[in-house]
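Got a structure here, written out as structure tokens. Questions coming.
Chains here go by letter, A, B, C, D, E and F, matching the order in which they are written, and residues are numbered from 1 within each.
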Amino acid sequence: MIAHSFTGEIFGPAQRLHGATYVVDATFRRPELDDDGLVVDIALAGGKLREVLDEMNYRNLDDEPAFAGKNTTTEFLAREIHERLARALRAGELGEGARGVSSICVTLNESHVAWGSYEGSP
Amino acid sequence: MIAHSFTGEIFGPAQRLHGATYVVDATFRRPELDDDGLVVDIALAGGKLREVLDEMNYRNLDDEPAFAGKNTTTEFLAREIHERLARALRAGELGEGARGVSSICVTLNESHVAWGSYEGSP
Amino acid sequence: MIAHSFTGEIFGPAQRLHGATYVVDATFRRPELDDDGLVVDIALAGGKLREVLDEMNYRNLDDEPAFAGKNTTTEFLAREIHERLARALRAGELGEGARGVSSICVTLNESHVAWGSYEGSP
Amino acid sequence: MIAHSFTGEIFGPAQRLHGATYVVDATFRRPELDDDGLVVDIALAGGKLREVLDEMNYRNLDDEPAFAGKNTTTEFLAREIHERLARALRAGELGEGARGVSSICVTLNESHVAWGSYEGSP
Amino acid sequence: MIAHSFTGEIFGPAQRLHGATYVVDATFRRPELDDDGLVVDIALAGGKLREVLDEMNYRNLDDEPAFAGKNTTTEFLAREIHERLARALRAGELGEGARGVSSICVTLNESHVAWGSYEGSP
Amino acid sequence: MIAHSFTGEIFGPAQRLHGATYVVDATFRRPELDDDGLVVDIALAGGKLREVLDEMNYRNLDDEPAFAGKNTTTEFLAREIHERLARALRAGELGEGARGVSSICVTLNESHVAWGSYEGSP
């Protein structure tokens, strides 16, 4: 549940300070399941996603040093969250089994009619 | 898609400037349908709801004079939108047939797990 | 998945022959559960609802004798389906336990943003 | 909200004139975001989609010259809408930034359990 | 995510040991908001609901002493969860402001087409 | 609506006998539509999916010989259902037109926040 504003005429009224609820999904893909019959440990993956989102939640993103000079569009945030999850996966924080994941897709649902995703290898 | 902040310790991290997407539904009830077999003219009602929401959309509610000194909680906003719709109905802006409406319920869906409503006579 | 058209200027472009998918929910209420711990036998109630909908499905409602001279609005259809379910309940087709039902609410969801209901005693 | 009928025994009761509500989503994909940090200008894309849908909405598709001799199945309509959006994109109607879009996927949700999509390059 | 079985011919194949995911919503109503502009402190209410559900989650309800001799139907569980939330509210666990709540409605969504609720004063 | 339990410490409380509702979607893809303008005959495909699910529904999967020694995770079940649908398609049970299908994706939605899929050629 973040506040932010955008720079650029193309954004129209969204140049004003406004806000959004993002309901965020992460999808993990792999060619073969791990030894436990899993794509990923959903408790570890869900916990890490929660942790990544808590770093942004209830904030004005215009004031976050990490996003200085950026338009924090839905698409931009999807990639940012993807990178933080991918980094955690590579560091083993999602478990050893998760090393077989070939792709992570992060989707930000911003309303009942608008969403944005970023998909890439971890 | 609004920004706002809350005053009071009970709000925890929501005391910071943050934001929300509200998907807003309005439900109209009446004992008998009007002569056209309608509860309300959905084009007029939907247009008026759109108009009321545009008065708040893409804004920081902390800066709106109408809400000065108020916590613009979901519950508070539901009542505010109810009152603006009810006023329009009483003024005939939803059509003459709408005068038979006995109740309006306004619901703000703020995420996949949280919502707030206000219901009352128009 | 019905076709129909409406009569009356208030309906604008919906005066033309068009169509709709209605996803139909029926809600049964009662003060106390029956002896099996149920509001209603969901298999019987769901089967009857299916049967009532099949009487209308894949049809042009403008050609149905039962609806001659009527605008088959969402609101109108909700009441019609309510009456057919209520009649079945009173005739014992939803089981003896269902006689304790005090109210049936029928909702027609016609899109992601529009719906209509009729609620009344059976 | 269209009316139509299908030709061919395989369609069973859908050979009768009937109708459907289609809730239509368009998804745009690209390898890199444009200079504003966007996949596509959502206001332009949403407006164009609205315009394409208005050409079909509240109509009996059996009477539309553009669809003469065709079964206007969900799959067929998804491709048709894709082509109209793709043509608009190529003509610059979705903005210059949209020229980097590599794929458009159009999905028609026809009920809570059935949908069809067409995906291809613009 | 519970396992259970039902006793009684009316339950047909559900007499076998099977299971269900229940997505549980609690709705609180009151005539006037509290001094903070709230119906209820959503963090306290959500935390308590989570706690009540954890007492049942990942279990075979047939083995729970609290439910011995009962059919743990959706309707029955809705009332059970209502009572546990109501008891917490009366004990002040949802905050002093929550004492103004006049009604709690608990809904168990068991699939995309079936749900059950219990509503009553706390 | 199945009951099951998992073997392995990684599953935490899900090692206990519990249960789940799975709402199951099957998506069929192909490069070109068949002669009727269809991806697949939705009545045949839906009927076959229903039949495959009925083989598992209202059961304790721990007792099914077909799954002996397996963790019936969401991912595992998605592949199992995929294989049964693919076998039916290859046997002509989804109609001759279905032979042009190049991919089937089976998704098990197990709650409002968790799902698993398997996608492959038939």
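Following the convention adopted for this analysis, a contact is a pair of C-beta atoms (placed from the backbone, for glycine too) under 8 Å apart; a residue touches a chain by one contact, two chains touch by 3 or more.
These numbers come from a predicted model, not from an experiment.
The copies chain A and chain E differ by a rotation of 180 degrees on their C-alpha atoms, rounded to the nearest 5. Note that among the pairs E-F, A-B or B-C, B-C reproduces the B-E interface, with over half of its contact pairs the same by residue number.
Centre-to-centre separation of chain B and chain D, using mean CA positions: 32 Å.
With centres taken as mean Cα positions, chain E sits 42 Å from chain D.
As a whole-number value, the distance joining the C-alpha centres of chain D and chain F reads 28 Å. Multi-chain contact residues, meaning those touching two or more other chains, occur in chain C at positions 112. Only residues 33, 36-39, 41-43, 46, 95, 97 of chain D touch chain A when the two sit together in their complex. Interface residues of chain C, counted against chain B in their complex, comprise 8, 10-12, 70-71, 73, 75-76, 113-114, 116. Interface of chain B with chain A (complex): residues 1-4, 13-14, 16-23, 57-60, 109-112.
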